[in-house]
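First subunit A sits with subunit B, and in the next complex the same chain sits with subunit C.
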Partner chain A sequence: MARMKFLLDSDRCIECNACVTACKNENEVPWGINRRRVVTLNDGKPGERSVSMACMHCTDAPCAAVCPVSCFYTTADAIVLHDKDLCIGCGYCFYACPFGAPQYPRIGNFGSRGKMDKCTYCAGGPQADNSEAEFIQYGANRIAEGKLPLCAEMCSTKALLAGDGEVIAQIYRERVQRRGYGAGAWGWRTAYRETVAI
Partner chain B sequence: MLIKRSEARAGKQRLAAAYAGLSSGGLDRRAFLKRAGVTGFGLSALGAIPLTTVRPAKAGPVDISKPITRVKNICTHCSVGCTVTAEVQNGVWVGQEPTYASPINRGTHCAKGASVRELVHGDRRIKYPMKLVNGQWQRMTWDAALGEIGEKLMAVRQASGPDSVFWLGSAKFSNEGAYLFRKFAAFWGTNNVDHQARICHSTTVAGVANTWGYGAQTNSYNDIRNAKTMIIMGGNPAEAHPVSLQHVLSGKEMNRANMIVIDPRFTRTAAHATEYVRIRPGTDIPIIWGMLWHIFQNGWEDKEFIRQRVYGMDDVRAEVAKWTPAEVERVTGVPGAQLRKVAEMFATQKPSTLIWCMGATQKTVGTANVRAYSILLLATGNVGKEGTGANIFRGHCNVQGATDFGLDVTSLPAYYGLDENAWRHWSRVWGVSYESMIARFDSKAMMETPGIPTTRYFDAVTMPVNAQTGLAQRDNFKAMMVFGHGGNTVTRMPEAVKGLEKLDLLVVADPHPTTFAVLANRRENTYLLPICTQFETNGSRTASNRSIQWGSQVVKPIFESKDDYEAMYRLAGAIDAAAQKRNMTFRMQAEVFKDLEIKDNAPTAESILREINRGAISTGYTGQSPERLKLHMQHQDKFDLVTLRAKDDAPAEIRGDFYGLPWPCWGKPEWRHPGSHILYNTNLHVKEGGGTFRARFGVERNGVSLLADGSFSKGSELTDGYPEFTTAVMARLGWDAELTAEEKASIQRQGGTASWATDLSMGIIRVTMEHGVMAYGNAKARANAWNLPDPVPVHREPIYTPRTDLIAQYPTLSDRRGFRLPNIGQTVQNRAKDLAPNFPIILSSGRLVEYEGGGEETRSNRWLAELQQDMFIEINPRDAASRNIRDGAWVLVNGPEMPQGKAVKVKALVTERVGAGVAWMPFHFAGWFMQEDQRSKYPQGSDPIVLGESVNAVTTYGYDPVTFMQETKVTLCQIRAA
Partner chain C sequence: MKIRILALFAVLMMGAALPAFAQGTAREPSVADEMAIQSLLTGNPVHGRITIPDQRAANLIQPQGREWREFHNVTLAWVGGIAVVGMLAILTVFRMVRGRIPIEGGRSGRTIQRFNVFERGNHWMVASCFIILALSGLNLTFGRHVLLPLVGPVAFTEISHWGKMAHNFLAFPFTLGLVFMLLLWIKDNIPNGTDIRWLKAGGGLVGHGEPESGRFNAGQKGIFWITVLGGAAVAVSGYMLVFPFFFTDIQGMQLSHIVHSIIAVLMIAVMVAHIYIGTVGMDGAVEAMTTGQVDLNWAKQHHNLWVEEEMAKGRGAAPPASAKAAGAD
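What follows is the complex of A and B.
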């Protein structure tokens, strides 16, 4: 089985937000919920750098570790998903997540936030693949159709890569070798406890 | 949907929450992200996002048990031309898939392209025709609306003449729509027909065409992959053309290329540059001359190229000599050492390309700017080869095509101009007599006089008629037909309001109401016609690199909207009916649509393109038949990423073609000319897409030859320069004998003589190509363009400049007339000199990645609107501190031409992106006008989600002398805390 990962080449990201609207388009994510977003550091200054962020589908995901109702599960492709029917909206995962991935439909404390929502790696949820019930709760299931997440597929500069960790690491490695620089696979140490050695 | 919540409550909240972003201090994207930091978003920040959740899932999920159709069309936003693959089920567009096969975008999109599906779900589209009755929008039928419009148009025509109607077309038309609209205006009897190119690249077209022949991008986005040095000057493609950055960054990485950004603003593109040069806005020419000073000083110029292919470079040398490093630094603020470094890279690490956009063109010196840019390319021999060239990034998805088809006050389709020859040519193509066309105009003189450009339409409404001091036509504008155009894109909006209020008739034909519908306080005689997007119809569009791509209808027009073809066809019928009622003999429909195939009350796109193929000879729009274009779309994967050429494994009928048959694609479709990927490329045979500089300006000037000297395209039998071909030149060479009997007969029918561009048989082109010769001639490019106001570009200070000390030395051009109107730039500059101390900050404007053009369409798209909820102004920390302005706070901005006491209210974005003394605003916002919220003036349900102040409420007077391009990039303003 493949080990699915995201890899963001921050030397390529131009903050065009294609990943953000592609996600909205594919999953019909409502206003106010951002499964993916682009963050810019040193905005407007030399050294400005943009990073597209979503759930990284961590190895030993910290969200799963803190969930009091154990609503998280990991697929055979190592995609971290959750069951909204179990989620109580406590917000612990939000505090545990190093990437700010969990989103909530409402503001409030102690379970009044509503069911948590996050990037599914376009892999839907626990229901039958590509059923209406799955789409309504989680959005598209491209993985079941043999496709990759739309955010990465549509990335304007091919900064955001998705796919098997080995494959995308190799693409990035070759890119860095050819151009002679690379800031590293952003977030990999935190998410996957490894880096891409060049 | 995704989050379970009571439907009823959410339904009510959706609108309110969308507005909450505006009124309750919803943070703009940049500020929001800045505060949120990288790792982890505080809940407080989350709380600031207006929350709303549920929207009924109209579309998804895709039911995989039912058949899905995949349809390819082209993104309707910018000029890159990304292919959009739509998944359609049951007549509904349910999903968007990446199109890896497209050599242009290779599956990718930007925020706009990745969200185009929303456009045809269109909650906020105009749903049916409407008119204003006592200030209220009232629904009506298409027939009733067109009937009333036809009546009113004929009333204007009868009272004031055909020139009193302004036909404003669109860069969002397909090629076929653009051509049809131009033809429509011609049959109405006016040259008052224009579109967005006026305000984006009209100066490029004028400046570049006057240099080497055609006013278009010489190479392509893909070809930038070959460059070793690229300068991006006056453009921010990372936001304006994001997918182009895929090619730019790949080139940068693969060739370890120099990527130099020259701009007053540290743009998102500059963030990826190897070198960034910050200049004072409005000093492009001194920068180029400053670079050339180093180039000439060190002998880095391409002497052989100049000798063979450039006329008048010595005149440039004389001007450049004045721009010593010290003078350049005094005027532009750029140190000599940095400019020397950039000049050396550009001249010696070749191939080099110069990329520009509206930072170069939207200036009072726009034409001169692009001329200077072109001259830099010529001096370094960087034209006509791979990896070189003027890579001019056009704006809208079909602004190139709409320009080519003459949605322009100065020309008929394909740059034929307006003289008698041009009219005779197109009359022949249209199958009508030249005399019958004259009869449609006020006079033959008006038929040959350029019309009024869109930058000045309101002046043509309000200015007194007077051939010497005012408006030089029979009467003012009384009616305006706006097809696909925003009302906030033109400078001096307070003046525009006065003009709009005086019109007898205003018709807006668009998917959205646009600013035109709400800006003025009109109460009657205002109509909205719902037009569908290009996703809901068929047609071709020309990307910036001249590649033409066929878009197929994804879904039927939604609600009661119609495509442009049907709207024009039925409007022609309505005009005829009104004329008949008045016992006038004037008719439109039968003649305009004479040779076109009519289906379901509309001409088919294919039949329009075939008519274009017959007539647009001068630009080589003749080989691109609908069949060939459709084959290209079908076999996109067969084209090479870098050369754009169909590879050996491609089907025989496209093998060897360049993708999209970039014009010129000479002769008839069956000749299989491959199109021209790189213009003026002498390394290829003309049959293979090679070319020479065009001989447009005669053969000699003051005893000096204008023809190329020892340079010719590969395989040419003529091994030196030669003039453009006519039947006379053919006879002199004895080549006329090679014309077929049919071609000879066709030329005889035309009166016995023809030039290559008016020969409807295309025999001259066929024979010259057989000899390896370019029918348009082989000339030198002109470093000196003697017919322009500044034959060699000279620096001229912006009309509103903070450097009033430089005005005496570098004044703007003297007052003059053009396009039936006065241009009093110098008078205004002299007045502005005294105002400058009160308006100490330079104001510039530009683009955001989420929005496009006037922004109505994109601000109505909920996926895009969410990302950019507030109009803002970028202000340097130093200027902000001295004004007590904090990041994210409301500020008031006013300009020297705004009504007394008025200002626009926007959010401050305090950033070092702009230098001290410079402020910047995006130009996509409207719906607030000088602090008046105009939301209630939109038809209910068609108001864009995000509204905001328009930068053009602040911008000021200033027009390029050649094209009347407006000045949007340099004016003055004052900012204070609100």
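What follows is the complex of A and C.
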């Protein structure tokens, strides 16, 4: 089986936010929830850099480790998913997640956050693949259709890569070798405890 | 530390590896990369600008999440487990060695008022809130390992959901009760010389002979201050958690949880001992909080100075206006 990962080449990201829009549209994500976002570092200064970030589907995921009700599971492709029917909206996954990926429908005073929502790697959830129930709760299941996440598919500069970790690391490696520079695979050390050796 | 060393290693590796393939076109890493690497090396979040309203999303990476995970899954589980199970073990040993502490000389049949109805009502409001808060709190840390395998995921989610709601709302009567407790009992809980003698004598829990004590002995004063001060810390940190991100940022939320949960598990261990000695551990103790009337022999045994004080009050009290001299009829 593949080990699915995201890889963001920040030397290519132009902060067009197409990935954010694609994600919102494909999964019909409600207002206030951002499964994917683009953060600009050093904005307006020399060496500005933008990074598109979502759930990285970590190895030994912190969210799953701290979840009091154990609602997370990992697919055979190493995609980290969760069961909204079991989530109690405690907010612990947000405290543990290094990437700020978990989102909640409401601010959550008195524990009223609602069910956590996050990037599913366009792989839906525990409901039957591509059923209406799955779409309403989790959005699209492109993985079941043999497709990759739409954010990466839509990326105009191919800064955002999705797919098997070995394959996208090789693509990135070749790029860096050809152009002679690279800032490294964003968040890989944190998420996968490895980095792309050039 | 390990993460920082790894990051440093990776930075050095990147710096060393890249020029080899650069073939003269190598560029210095951008300022933003350096800032991000600096942040990660010092363990700080990598923070940028974001175009969506949720400004928390501007945190690109917050490495503290890992430390909090370590705390929640390892430190808290061990501290909580050792505190609560350890206290149960201590009480079991105490019970086997000492047995149920009897009233010396048996019951006198005469009683004295120890707590009035307001004090008892308030105590039980705090106590019932505390028990539900404690169980629903412990459930968040241990339920997944203890209760989930027993009841299954659907029932466990239902229990945890209602536990969470109860936890969030019972915080308010609990805090109110703590304020009343402070006002009602602080005057009898100021530490004094009697407490030192009581502690030196082992409080009558070990060895023989009950040391002198006022309305509350040093042990009870300890319970009082643990309840009031620990309760205050748990309440403040709890309100930070129940209004997420209103007062603080993500690191503040993590810190609030750490303070809240550690103090809470220690308080639970203390309260287990309090419940034991107040009910099955000591003959004649539970009446103080049920009817409010304790046996005079119990009171003399455990709170002799208080009994003298109360008796003196009675002797010194002015007789009611309607009272007649004995034998006047």
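The definition used in the following text is that the second predicted complex is superposed on the first by the 196 of 198 C-alpha atoms of A that agree within 3 Å, B and C clash if a C-alpha of one lies under 4 Å from a C-alpha of the other, contacts with A are read in each partner's own complex, and residues count from 1 in each chain.
We take it that a contact is a pair of C-beta atoms (placed from the backbone, for glycine too) under 8 Å apart; a residue touches a chain by one contact, two chains touch by 3 or more.
Fair warning: this is a prediction, and the values are worked out from it, not measured in the lab.
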Partner chain(s) touched by A:Cys155 [first = subunit B, second = subunit C, both, neither]: first
First (subunit B), second (subunit C), both or neither touched by A:Asn27: first
Partner chain in contact with A:Glu132 - subunit B first, subunit C second, else both or neither: first
Which of subunit B and subunit C A:Pro105 touches, first, second, both or neither: first
Contacts of A:Glu48 with subunit B and subunit C, given as first, second, both or neither: both
Touching partner for A:Ala197 - first (subunit B), second (subunit C), both, neither: second
Which of subunit B and subunit C A:Arg179 touches, first, second, both or neither: both
Footprint overlap on subunit A, comparing subunit B with subunit C: 17, 20, 32, 34, 37-41, 43, 45-46, 48-49, 51, 91, 94, 97-100, 107, 179-180
Subunit B - residues contacting subunit A, complex: 1-5, 14, 17-18, 30, 33-34, 36, 38-41, 43, 46-47, 49-55, 57, 59-62, 64, 95-98, 106-115, 117-118, 238-239, 242-243, 245-246, 249, 252-254, 256, 266, 268-269, 271-272, 276, 849-850, 862-864, 866-867, 874, 911-914
Subunit B contact footprint on subunit A (complex, rising order): 11-12, 14-22, 24-34, 37-41, 43-46, 48-51, 84, 91, 94, 97-100, 104-107, 114-115, 117, 130-132, 134-140, 145, 147, 150, 153-158, 175, 178-180
Touch list for subunit C against partner subunit A, complex: 6-7, 10, 13-14, 17-18, 21-27, 29-36, 46-54, 56-63, 65-66, 68-69, 72-73, 139-141, 143-144, 148, 153-154, 156-157, 160-161, 164-165, 167-169, 242-246, 250, 253-254, 257
Partner subunit C, residues of subunit A touching it in the complex: 10, 17, 20, 32, 34, 37-43, 45-49, 51, 53, 62, 65-71, 83, 85-92, 94-100, 107-111, 113, 176-177, 179-184, 187, 189-190, 195, 197-198
